[in-house]
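Think of it as A, B and C in the order they're written, each chain with its own count starting at 1.
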Amino acid sequence: MLLSFKSSFCVSLCLIVFFSCNQQIETKHINALKFEKVVHAQNFKLIQHHNFIELQIIDPEKGHIERSFALVRKGVALSTDFNMERIEVPVKGLVCLSATHVGMLNKLKAISNIRGISSKKYVSNQQLLQNISLGKVLEFQTIDQLNPELVLTSDARIVLFDGFGIAPSNGEKLKKLGIVCIPNYDWRETDPLGKAEWIKLLGVLVGKECMANNYFTKISKDYSNLKKQALQLKSHQTILSGSLIGDLWYMPAGESFYAHILKDAQLFYQEKDSKGTGSVSFSLEHCLKVHKQANLWVNPGVSSYSELLRLNPKYRLLDAFKHKQMYCYSHNANYFWENSAVEPHHLLSDFIAMNRGEGSTKKLYFYRKLKE
Amino acid sequence: MLKIEQVEIGHKSVLLHVNSLHLHPGRMYVLIGRNGIGKSTLLNTLMGRITALTGSIQIQGKELSSYSKKELSKMVSLVRSTFTGIENLSVNEFLTLGRTPYTNVFGTTQAQDSFIVNEVIQLLRLEYLSGKFTTQLSDGEKQLATIAQVLVQQTQLVLLDEPTAFLDYENKWKILKTIKQCTQENQLCTIFSSHDLEMAMDIADYLLLINPLTKEIKQFGANEMTKQELLAFCFPNL
Amino acid sequence: MKVRLYERFTIFLGLLLVILSLLHLQSGEVTISFSDAWNALFSFDEQNQYQVIFRELRLPRTSISLLAGAGLSIAGLLMQTFFNNPLAGPSILGVSSGSSLFVALALMSGLTLFTSTFGIITAAIIGAFIYSLLLLLFSSFVRSNVSLLIIGIMLSSFTNSIIQMIQAVSDVNALKAFTIWGFGSLQQVNYNQLSPIMICFLAALGMLVFLVKPLNSYVLGEDRAEQLGINTKRVKTMLIICVAVFTGLITAYCGPIAFVGLAVPNIVKLLYKTCNHWYLLTASAIVGALLLLFCDLIILNLESFIQVPLNSITSIFGAPVVIWILLKNNIHVKD
């Protein structure tokens, strides 16, 4: 009884979404844009106004609004009362300096909107690579290195860049050329679904908000199903992450995105109670004390045991290394960085498989066992 | 002691030549000639640092070129006027370094070495200096210390390149008298170059004069010449 | 009387070194019992966490701190006496950067022959040797102490640019290995590397014994040393080999460590006020080891708050020494 009610509710919900979307596409001149509320993401907000959507980017460090933008349809006049930068949507051309956005635009079938990226070295998407070689997409390195004139010739009107709470050094110049810079904080989201939710922002920008909403609804469901499955696990593995950089070992902090996923996969992570949303660093001695017996070790930064030993022979002292229980995404790092943010359910599924001890038998999405 | 026969001196081209010179122990020779004529080159040749172009130089009857560095270090020494003192080096340490040719491979000094150092200190009456650092000495004391080090080295042939330069009148006398005294007491053969003509003529036993026209070095007794004759020989353009 | 005072002071420093070494061995996140430390050396149990930490982390770190401090200070003293310049030292005159360049070349080459422990030591020593020869060549053209210093600094910045260019074209992992190495660290040595390092170190020390007498007379200048019967050609060769081995060996394992080689001999000269290299060398080795142990103890104790690179600590001690020497020399000129 309850089940049928639930399913019928779902169906009707889907229908409503479907019709509302269709309606939007049909009536081109409607004033208001439609979007679904942002639930998981902490670092941006979409607010419906009379004839535009307000996009607020929130500084994750201080928690206040860093920038706000007015997303409007072409030709819609905006009251000057609002002190916001105006962005006319849909945006045809944009520069996205973050790999995660490439993955999101891919899900929205909007790779062709990309006019610029940071560097070809970090691209995995075939279509994008092709566009780069055809000269349709330019490489800009970082926001501070990017050449405003080149952005103008590339026909991009938006630059999405990884924010650090400060305005980009050439932001003023770009503004005068009519190019809007939007800081991206998806990498500061601690909730795996929150990170993926940034697809909604890209959806609104490229005029595919429905597609974005549908996608997000689907993966949230997948994610929570997997999370439930993980709860059924009888035994739990201990896990260790990262590697030494210089003399310090960097590990995901207890409130970070990664710690979140490990928790959702029911893996036991010794640093789960550490403070912070970024990373925490420890001496090798601490790692040997606390993590020597960890069953699993992920993200060592390289894809083979021999490379790892070459970086530091002391790694062999850890049990996970000795028993060859190490996983990484380094064999295809670009693919990982492009897609892991927008496919948190796949990431979770990989970790659950590792927890089950199926890491070597089951095909993983992002991870591989280290080679010899 | 020192025999020079038919020798031509210079780096590549001939600067000076000597027909025949025989120098003896217990005598003090002064080398006089105008600037740039090759006094230093001559002293460096006698040190074995520059080889003579032709001819033979013999010390104690043995060819200079057949001496090893070690043997030579017990035979010839050269004092320059440029000693400015060395940080943290005491006069005593400085003098002891003069024993380097006689110590073993690790430089260990024996009782005999310190005996010789003390002897020289007494001879030159340097007791009041021995505890000081070389950087604390006056210019005259520095020159005295350098000479003392050479005496500690116990070479019979002692060459001094303008030992009295940069010194005041009193110190010049003191240095030259000390050299004279040591030459006689220790039976050394000393050659020093100098531009202080009167003083040199007064104190030296022999003059080694360089004629710029013939580029030849000739030996004269200190009493054989008047100052005018000497000037005419060495500085004919005057 | 004075000799006895020197010896007593040296023994005192030696005891201090032993105490500091023990303190260093004891510092860290975990407390290791004496029996674990003993067993780690003589009946090692791989499963015992404490023994592993002692044998693989603590012991190599303390040992290399001692060797690096001693080696670099000795190299610095050798260079100071040889160039007759109190501002000389392996890092400031660019000898370390020579090692770095050759290590970079070896690492970037990717050939196993060069990337092995032995390959890297050899590369570092050859680099140091070539750069010492270059310095020797340049030093015959310049008179002033400061000119040689400037040449050294230019030599290092020139080399560092080349290294950066090599880095730009090399693969990510080699790059990672090298950049980390460039910070200077005492934690990169492994237990099984200790004996080859020790052997090289002792060999160089053995050669050093024969350099003491020449060095003492070199104080008077090369010219006078030659008059005193020193075979300057042979001494030069031996000296450069010694400097290259000490600098290269340490640079290969710890990266370029700044200022220790320059500062320590000057501190020792200030304490001992002698030119006798028996004392200077022994004391430089001990004080150098003390200084580096002390710097590393600071790092160890700050570790939980901030990560401090070794070079920033050594520079804090070293840079003022350079300024002090320059000021002192200037005052002398005015006199």
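Everything below uses one rule, namely that a contact is a pair of C-beta atoms (placed from the backbone, for glycine too) under 8 Å apart; a residue touches a chain by one contact, two chains touch by 3 or more.
Predicted model only: the values in this text are computed from it and were never measured.
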Farthest chain relative to chain B (centres taken as mean CA coordinates): A
Chain at the geometric heart of the assembly (C-alpha centres): C
Centroid spacing, where centroids are CA-atom means, of chain A and chain C in whole angstrom: 46
Centroid distance [mean C-alpha coordinates] between chain C and chain B, Å: 42
Centre-of-Cα separation between chain B and chain A, whole angstrom: 85
Junction residues of chain A - those touching two or more other chains: none
Residues of chain C defined as touching chain A within the complex: 28-30, 49, 52-53, 56-58, 115, 173, 176-177, 180, 183, 185, 187-188, 190, 303, 307, 309
Residues on chain A engaged by chain C in the complex (per definition of touch): 245-248, 281, 283-286, 288-289, 292, 301-302, 307, 310-314, 317
Contacting residues of chain B [partner chain C, same complex]: 47, 49, 69-70, 72-74, 76-78, 80, 86-90, 93-94, 97-98, 100-101, 103, 105-107, 133, 153
Residues of chain C that touch chain B when the two form their complex: 86, 209-210, 212-213, 216-217, 219-220, 223, 226-231, 269, 272-276
